[in-house]
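A quick write-up on the structure given underneath.
All chains are identified by letter, namely A, B, C and D, in their written order; residue positions are counted from 1 within each chain.
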Amino acid sequence: MSAPSGPLGVLAARLPGRADTPAARVVPPTGFTAQLTVFTAAAMSFLAVFAIAMALAAGQLADRWQAALSQSATIRVSAPADQIEAQTAAVLRVLETTPGVGAARRLDDNEMRGLLAPWFGTDLPVEALPLPRLIEVTETGAGFDAEGLRLRLAAEAPGAVLDDHARWRRPLVAAAERLRAVSLVALVLIALVLAAMVTLAAQAALAANGQVIRVLRLVGAEDRFISAAFVRRFTARALAGSLAGTLAGLGAVALMPRAAADVGLLAGLGLSGSAWLWPLVVPAAAAALAYAATRVAAARTLRRTP
Amino acid sequence: MSAPSGPLGVLAARLPGRADTPAARVVPPTGFTAQLTVFTAAAMSFLAVFAIAMALAAGQLADRWQAALSQSATIRVSAPADQIEAQTAAVLRVLETTPGVGAARRLDDNEMRGLLAPWFGTDLPVEALPLPRLIEVTETGAGFDAEGLRLRLAAEAPGAVLDDHARWRRPLVAAAERLRAVSLVALVLIALVLAAMVTLAAQAALAANGQVIRVLRLVGAEDRFISAAFVRRFTARALAGSLAGTLAGLGAVALMPRAAADVGLLAGLGLSGSAWLWPLVVPAAAAALAYAATRVAAARTLRRTP
Amino acid sequence: MIGFSSAGFGYAGARPLLTGLDLALPAGSFHFLTGPSGAGKTTFLKLCYGELVATEGGVTLFGTDVRQMDRDGIAAARRRIGVVHQDCQFLDHLTLTENVTLPLTVAGRPVPERDLADLMAWVGLTDHADARPPELSGGERQRAALARAVITAPDLILADEPTGNVDWEMAVRLLELLVDLNRMGKAVLIATHDLNLIRASKSQVSARLLRIRDRQVQAAGAEL
Amino acid sequence: MIGFSSAGFGYAGARPLLTGLDLALPAGSFHFLTGPSGAGKTTFLKLCYGELVATEGGVTLFGTDVRQMDRDGIAAARRRIGVVHQDCQFLDHLTLTENVTLPLTVAGRPVPERDLADLMAWVGLTDHADARPPELSGGERQRAALARAVITAPDLILADEPTGNVDWEMAVRLLELLVDLNRMGKAVLIATHDLNLIRASKSQVSARLLRIRDRQVQAAGAEL
């Protein structure tokens, strides 16, 4: 067995667990299980950073689309020229008394031209055309009851059609929400895998050190003395590995190319602003997990050594 | 140390490595490192299945969007009423001699109505309106040179505007391609992590079995006899763990809700058709990795035992 | 210090190995324990330092019933007992000196450098102070185990076959060390097959001889 | 079978332990090896079965220089040598019988049930055939190690302190086993501190005595 080497080993060597306290020294540098712990913590932290970045990005995207949803209803009023103004006014009246509608506004000619520009250029003679009127509806947070509104409009302004853009965007929002949920589930899975692996690595190390534990018990060491040595060692290793993995993960996320904002999710893995702080929770969580896992494993092993 | 338990252990127990051949029996059921190997193989295979599903989905999406791109250019001709027919004919002539253009077709009134319907309803009097003419251009596989075409159009039909829809979709395709690349990189990372963990677990097991190896060398066992026992054991474990992880991964992918096709990537993680066969490569690859990793680890450990 | 009252022991799934043990190891006593291989000498010692718990009757350690001691209580009792195991085990990553002083480290006591040097010289390990245990010969390991057992000058020393791997001169030397400790009031119990060693002790100390026969531990008087 | 020509050995970083070894262990010979603890008896045995390689001069195993043997060659040679290690190690997950027959398993040879039963009875382990090694007493382990060393009736038997943990009757019994094998033409080398054992052999076999003194292995004739 050799001590862990390479940069992770160097890092681990600087951490308190290796300090020359008597309790720390009685546990041998447990070779491959040590490397396994450091490596597992690093790999899982790397993945955790990605999962966090994805969850945050998906969350932002869902929020953005949700926000867009709340302003996306349009009412189109098409009617013979002599009725159109009356029907438009009727629609606006209906909207004023509809719960959940924040504001309603008739689009002016310039805005109509803007909407049609992708197809017909900007020099379309909108005034001269027998175009329908468009009314943009802004929802309040709660939103309005689209079916109820449709019924009322049918009664008051038969030429009005409610175009609820939400139905185009809603699946997208649902998908973003689902991606966030998947990311969070992945995060939980990663934490479980980390805990399981650290537990198994600690148990493997404890089993490999059966002789150490027997000798220590023979000369009268108390359980907490033996346990502390292992727990400190493994916590330090998980922390070191996790720090390295988190930094690597953050570096990788930072290196991801970002696409234009409108492409949204697909390239939006980058973290921004205070979101950069979230992944820093990872090493702390990894160390806490390793601490708990090793304590449990040590207690179980010690109980078997008389 | 106890034998691996639970369903994975039961599975591993059925595999050839546990067969009662003399070579297999001389290696003890190496407790926690065994569980670690089975668990690592399972967890990594689970993730690998997801990465494969994502890579396949992203690849399909990129292909679909790429295909859509190749038909998405539109030329809009707006001109005074007396010149519009001449300019439209000129544009079609230009297109006929443009390399990379597969077909060019004037949209008829019904199609125009369809395009405008979302905004103005279907009863728009398209014939009566001074609308521009729209020409749909289908690219061949190689695509045409948009800038060159623009210059030629400016010369022959000053009222023609080339609307290259590609510029809207290209970032999406790029993003899908990137997602596929990220998935493939993740797959490589997962394979590396699996190899590293199996190597470390095998080395931990070998180190913990120093006495076994010393005894076997003492009674005259050849290296290949000792090595084979460990290699077979670990390969069987990796295979068992990987099979379980792959099945769980496939189950999870199958359970993912699918959104409508047009939502595309975000929910399109499901596998379809022969794509279901790809993840079955995972257990084979895991077993092969474990085989190679354990061989290397065993050879290294044995060289240190005289 | 240690008392057995109708105690007995059997390994799980085997017939009882020892029964009806009724004896005491008082402070300052010196005992030899002998009996054929497999008779239960090591088992008896393990009952004495709480690694095994009697399956019938009771064993008291320093006045407390072993069954009423928790793990920390056992650990505390062991810090008053020096044990030489039959298969001498060490912490292979520490030096010999660190291994010999391990009981002090564990008890949080300082290392008496002079005494340590004297002890290492007496057991002939001065030259190997910085060696790791796997680099020692069989006899050197056995002497190191004895040094470790006596470094804290414990109230009771239990030695299981402590001279099986050393030559006669060294065996006598090690015996002398234990006799010296016994003169300081420590209780000593040595399990051994070596009847010559028992005979050699006659001139130095009034030792009692215990013999395991018919699953009983019997006082064997002078009949050697 | 084994020849030393001006061979010597020193552990890395230490001064040479053995020098100028010039001797041979011919087929059918019976040797005792003695010397103080730490003199190099175990080291000498390790040179004999290729676990250590001489740092000066040469050692031949069955006629081949050890330095010219690859790992499989060493393994093949070891299948012709039975070794009783000073610290008897076993495969702790196998039964005693499986451990004793391990050399046969490794060599792919069948297990001669009759001989096995006789051997187990002779070393007094019939009752423990299905026990795991950690459940054995120290002396039982030593006897098992001897049984494992002789089960293949190897050409050469190297035993390192094979009677350190057994009582006198059993020691004589084990010696008898080795003498019997020697009569069958096998070479035997026993490293021991036990001068009584060497004396006891006098009546049964014409053994030569080797003694390690001043880093040399010297023939010690009759002067016991």
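Please note the rule applied: contacts are C-beta pairs under 8 Å (C-beta built on N, C-alpha and C of every residue); 3 or more make two chains touch, one makes a residue touch a chain.
Just so we're clear, the structure is a prediction, and the values are computed from it rather than from any experiment.
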item	value
Partner chains that chain A and chain C have in common	none
Per Cα centroids, the chain farthest from chain B	C
Whole-Å gap separating chain C and chain D, where each centre is the average of the chain's CA atoms	29
Distance between chain centroids, defined by C-alpha means - chain A, chain B (Å)	21
Chain A and chain D, separation of their C-alpha mean positions in angstrom	66
Numbers and ranges of chain A residues touching at least 2 other chains	none
Residues of chain C engaged with two or more neighbouring chains	none
Category of the chain touch graph - line, ring, star, complete, other	ring
Chain pairs that touch, as defined at the top of this document	A-B, A-C, B-D, C-D
List of chain A residues in touch with chain B within their complex	1, 31-33, 35-36, 39-40, 43, 76, 78, 115-116, 118-121, 123-125, 128-132, 134, 161, 163, 171-172, 174-176, 178-179, 193, 196-197, 200-201, 203-204, 207-208, 257, 259-260, 263, 265-267
Parts of chain B lying in touch with chain D, wherever the complex brings them together	22, 25-26, 28-29, 211-212, 214-223, 225, 302, 306
Chain C-touching residues of chain D, taken from the complex the two chains share	11, 34, 36-38, 41-42, 86-87, 124, 135, 137-140, 143, 160-161, 164-170, 193, 195-196
Residues of chain D defined as touching chain B within the complex	50-52, 71-72, 74-81, 83, 85, 89-94, 98, 102-103, 105-108, 148
